[in-house]
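Chain IDs A, B, C and D follow the sequence of writing; residue 1 opens each chain.
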Amino acid sequence: MTSSFGQLFRLTTFGESHGVAVGVVVDGCPPNLAVDRDEIQLELDRRRPGQSRLVTQRNEADQVQILSGLFEGRTTGTPIAMVVDNGDQNSGAYDHLKDLYRPSHADYTYQAKYGVRDHRGGGRASARETIGRVAAGAIARKLLASAANVDVLAWVSQVADIGCTAGGEIADIDFAAEITRQQVEAGPTRCPEPAAAAAMTERIEQARRDGDSLGGVVTVAARNVPVGLGEPVFDKLDADLARAMMSIPATKGFEIGSGFAGTRMSGLAHNDPFVPGDRSDQPLTTSNHSGGVQGGISNGAIIVCRVAFKPTATISSEQKTVTREGEPTVLAAKGRHDPCVLPRAVPIVEAMMNLVLADHWLRQRATAALTSELD
Amino acid sequence: MTSSFGQLFRLTTFGESHGVAVGVVVDGCPPNLAVDRDEIQLELDRRRPGQSRLVTQRNEADQVQILSGLFEGRTTGTPIAMVVDNGDQNSGAYDHLKDLYRPSHADYTYQAKYGVRDHRGGGRASARETIGRVAAGAIARKLLASAANVDVLAWVSQVADIGCTAGGEIADIDFAAEITRQQVEAGPTRCPEPAAAAAMTERIEQARRDGDSLGGVVTVAARNVPVGLGEPVFDKLDADLARAMMSIPATKGFEIGSGFAGTRMSGLAHNDPFVPGDRSDQPLTTSNHSGGVQGGISNGAIIVCRVAFKPTATISSEQKTVTREGEPTVLAAKGRHDPCVLPRAVPIVEAMMNLVLADHWLRQRATAALTSELD
Amino acid sequence: MTSSFGQLFRLTTFGESHGVAVGVVVDGCPPNLAVDRDEIQLELDRRRPGQSRLVTQRNEADQVQILSGLFEGRTTGTPIAMVVDNGDQNSGAYDHLKDLYRPSHADYTYQAKYGVRDHRGGGRASARETIGRVAAGAIARKLLASAANVDVLAWVSQVADIGCTAGGEIADIDFAAEITRQQVEAGPTRCPEPAAAAAMTERIEQARRDGDSLGGVVTVAARNVPVGLGEPVFDKLDADLARAMMSIPATKGFEIGSGFAGTRMSGLAHNDPFVPGDRSDQPLTTSNHSGGVQGGISNGAIIVCRVAFKPTATISSEQKTVTREGEPTVLAAKGRHDPCVLPRAVPIVEAMMNLVLADHWLRQRATAALTSELD
Amino acid sequence: MTSSFGQLFRLTTFGESHGVAVGVVVDGCPPNLAVDRDEIQLELDRRRPGQSRLVTQRNEADQVQILSGLFEGRTTGTPIAMVVDNGDQNSGAYDHLKDLYRPSHADYTYQAKYGVRDHRGGGRASARETIGRVAAGAIARKLLASAANVDVLAWVSQVADIGCTAGGEIADIDFAAEITRQQVEAGPTRCPEPAAAAAMTERIEQARRDGDSLGGVVTVAARNVPVGLGEPVFDKLDADLARAMMSIPATKGFEIGSGFAGTRMSGLAHNDPFVPGDRSDQPLTTSNHSGGVQGGISNGAIIVCRVAFKPTATISSEQKTVTREGEPTVLAAKGRHDPCVLPRAVPIVEAMMNLVLADHWLRQRATAALTSELD
């Protein structure tokens, strides 16, 4: 079990779905950053269940309490602990899952690895664990925005086979400069294009009626990222982003810039030509197939990544599976579930992007400051 | 700069393309493992330039020397240092690159981040750095094969728009059980399907004649992986694989199991139903859209990943770029380069898979042994 | 700020003296360990203020709440979060300290490093931070006791210039085999020798009356430690113990085995001769100047360390100091303080010993299991 | 086995006494630092055997070769690999040690932990491993001196029961401001006080004649250390120094400032009163019992530490021991050994101090730069 992430800006999450509470400790946030509880709560509200008819109708308030690390509204450089109570969960609703393995969930692998598991609501493998990530990400976002004007924005670019017209692989790159948070938050799908959003909505509601579920793609863009973030050769910025995104539950793929589509281009078409920029030492590129990262280091262009989410594993249709003793059985999920997690995944993907960038920004400052000093 | 990878099975690579040598230190390999220099050299030979007419015609011998960590043919638990001399490189061939930035290379970002760079042959960003990974990977492979019978195999499944008939996203999953190392090594493309391999060969040779380059996809499969590898919630096996693969030069995307194709499936079709296995406590799944990992932990099924490589950035056609002072200029690469890195990427992808699995295998052993002891 | 400790058995503490709460997250504890809240509370009770007339008379209940990581009384392998409320602290009592620096406290260095500080009760530098360590240490103790029969015991061996007759450097080593927890807990000094304990008590009460304070030495012994713990060359067991102990507030020195006294011996007298043990592959030594560690690895003998604590920095006598603006001023502490921290330091030293051993025990298991497998 | 040290300025050592070579990889050194091979060789010459009649008469040239990380005389931010060949060692001289355990060496614990060991010359446990530390420390020294004017100096303050008049615990603190490198290097003992040095020399030569050995204390001072280095609560500067020093072979104790002597003082005498300094925000202290570190953070005063070294374990007198099969036997060391390692330990202790300070200096820069930016 490894519940910590980051080298200098470091978070440690804790908590199971039906334990007393979930939460996070953020260690390494620089002192003197103004942090408001409401800014954190805002991000948690974007993540929480029950926020729209498209997502699960469980109503969880998810109010965050800050236990340490702030003094008179500012960070002190000490660890920031944040906790969200789980409330009175109806754990009995999960009794029928105690001794069987839900297909494409982590029930079997947790049982096999740990020999014991909290079966209620997925336990530690529940997406409730991401509450800690989103709370920590809100602080990372504030740091990056305050100190470097970095702006991170994610959106749903595909649900099942419905994509944004403007979206889809290469096209997302240009789209990434234009899109606004208002456009994303305009509707419950968090797809910024109204026509596509309407089609997605319809398809998601159909899936719910069918007892089925859908997957899709979240695209995330980071704008105004300083040149120089990333630590080759193993902590390259794109490598750390890949790890961060693939640690989110239900993800199956990651790409940056041209991604898999770029494998079908020729080098002459794919290379991003340099042209002079406003500053003589900061050239620009006329295309951005690199996705803002070259050689594992940010080049000042918009960072654009796409994250693949599989269809929700929990469905109400009947499925074949086995019991813990290896006997065949049949499962039909009860309760209220997300027919499509994509809308709620948006703030989680943003959180992970902010967390990776905050960590690398601190790492880069150490080196950058030195360089001039030694000249 | 972070040149170390792994928690318990840990490697640290060093060296620039045109420095004295490149190499690696492997720390944490368990004692008493029989290691033969020839096994390491074999993997380096699969990676080295000049091995076929499809890759760069630079002839580098890349002979490995082991400096420490072995005694009478076995590991002693102490760090294993391995070095490959760079030989007499013609560094003058790179003088024309000293003051300009090659498009879609790391020249600009290294200059901007470090304020100084070894421009000869890409310096630290050169793919020569992967020599250390491949040498370390050979030891990881030996460990996994000796102690757990794990078998890792990669192949070229796509070049430009030419894919294996049997390959391509979902199809690769079943293909992964059948393919043999002989099939992969039968030809210089390392594509196991003769018809596709022939088409790829022709296309690569055409790209060379055109002064252009091609990208593609390497698929990698790990067979006989024990159940239980992976450390949620941040060091999930798939997250660590994503980071490992995305730290390889020229990669733009990673997917596991159904990957991006899985986002277009419904949950009912995508979920992998459990059925009884030979052991009552080890059920099997009738499909493998999960790609061998559920909840970040291996489930005993074949692990199947796909890694996207962009077309080689170095091409001999003329390209627009800027100088270090921000002046527009024109570049045409000289020398002998790979029109397509895919065939040489195969042993590198295998190395990273072996390194991640070896590290997680050690991590899992710590826990596994305890569980029974405490009962 | 680095608030995490350990590689595989890893804790992260959080909280300031007068914030909402202090606590800890323990990550990496193996699953299936029976853990009782009372066992944790017992250790906290040994640490808490107000437990005797020798220590500070502040009455803090320090009741621990477990938020995650346990299911039906056993660990699940997931992070264990534990929180202790700070209660209603009278923060106004610290207003006079807001703008001056208490001598030999961390007020000045925190202000200089972070540019902002929570001055109430020492903030993060308060010994209240050690609550998290003691709670985590209780779990480490349980693990070591359950799985390996390891027994860790510390005691006060010196206060000011009053030492145990049987104690004092070399002598402690033999004493370490005989001493019992009952002897240590028999009186409020936690010195197991009644005559010395009485003298210490008298001296501490005199110091309190004088508005002064005293330092001393805690000796800690670990018995039944398996052979083979410790990871040379940098994570040697003695090196990690030194770091662990020197991270406790108010410590100024660490020694193991013969320590500084051993520097005055000759090699012939100091070397520990091997003699046959009960098992042919586990020899014993006739002396233990090594203190149970040779070459950074435990050798099966009792591990004996001594930790130096300076006299408490908070005293009620007047002292010269400066304000935050650099003006000379005079300080006299108010409130109830420990004239001697040694008795309360005992459970903290034990916690750090247990935490280091638990971490190294997990690390060793990874290697040990492999060795036999590869034969 | 953990052969890496440091978070941002990170070294990895490798090599056994009688393998092909020993060496080190330094990762994280900032770019643009002028580094000269001769500066590194100078430190290795201070460490090498045969440099005076007081130390072992083995004549090892220990010439360092730099394999990577420098370009045109400056660091590039990439890993710096350095190697020292072991030369043609007469390994046969160690055949009689193959199957027995030398008292107070690491022979038994390595055999027990790893199940296999390179018995020649101590293998990995040999002090030859410290060559890598000293080479890395030379780079850390250059960084600290160039960028922050930090000056680290160590000396032999005690051999057996012969101490510097000016030395010895508390006294060392004032002495630390005055001493010069010339004084230390004036004679082969590296004790800066001529009378004590002469007595030490005589005693060491007597021990050699007696077939015996001696221990002692190295004191190390760091001057001009910036305020603010150290990362509470676990990576406190003093805690990391303790770990660093206790990872050196043959060490048994560590103290900072008043150390163990301070435990016998009262709080009123021990506290370091603040007085105004030249800058209003940087007060001074009129005593330095803290040893330059308060609350785990440097306070600008001289850092003074003392490190206890046991008498050399290798002696030519006969000793009782056991064979690997547990049979009693007798050992008398052959060959040329150090009757007292103290003089050669001085550059090693300096290296570890420089390495810890360089790492913490980089860590502090990350935070410091941010603080002002956020105001």
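Following the convention adopted for this analysis, a residue touches a chain if its C-beta (ideal position, glycine included) is under 8 Å from a C-beta of that chain, and two chains touch if they have at least 3 such contacts.
Here the structure is a predicted model, which is why all the values come from computation and not from measurement.
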Most widely separated chain from chain C, with each centre as the mean of CA atoms: B
Interface numbering overlap (same over half, different under half) for chain B and chain C: same
Pair joined by the larger number of C-beta contacts - A-B, A-C: A-B
Chain B and chain C, separation of their C-alpha mean positions in angstrom: 45
Distance between the centres, which are taken as Cα means, of chain B and chain A, whole angstrom: 26
Distance between chain centroids, defined by C-alpha means - chain A, chain C (Å): 39
Residues of chain B engaged with two or more neighbouring chains: 1-4, 13, 31-32, 77, 113-115, 124, 367, 371
Residues of chain B that touch chain C when the two form their complex: 7-8, 30-33, 77, 146-147, 362-363, 365-371, 373-375
Chain C - residues contacting chain D, complex: 1-5, 13, 101, 103-106, 108-110, 112-115, 124-125, 129, 158, 160-161, 207, 211-217, 227-228, 230-236, 238-247, 249, 251-260, 262-268, 270-277, 279-283, 285, 289-291, 293-299, 308-315, 317, 319-322, 324-328, 364, 367, 371
Partner chain D, residues of chain B touching it in the complex: 1-4, 10, 12-16, 19-23, 25, 27-28, 31-32, 65-69, 71, 74-81, 83, 113-118, 123-124
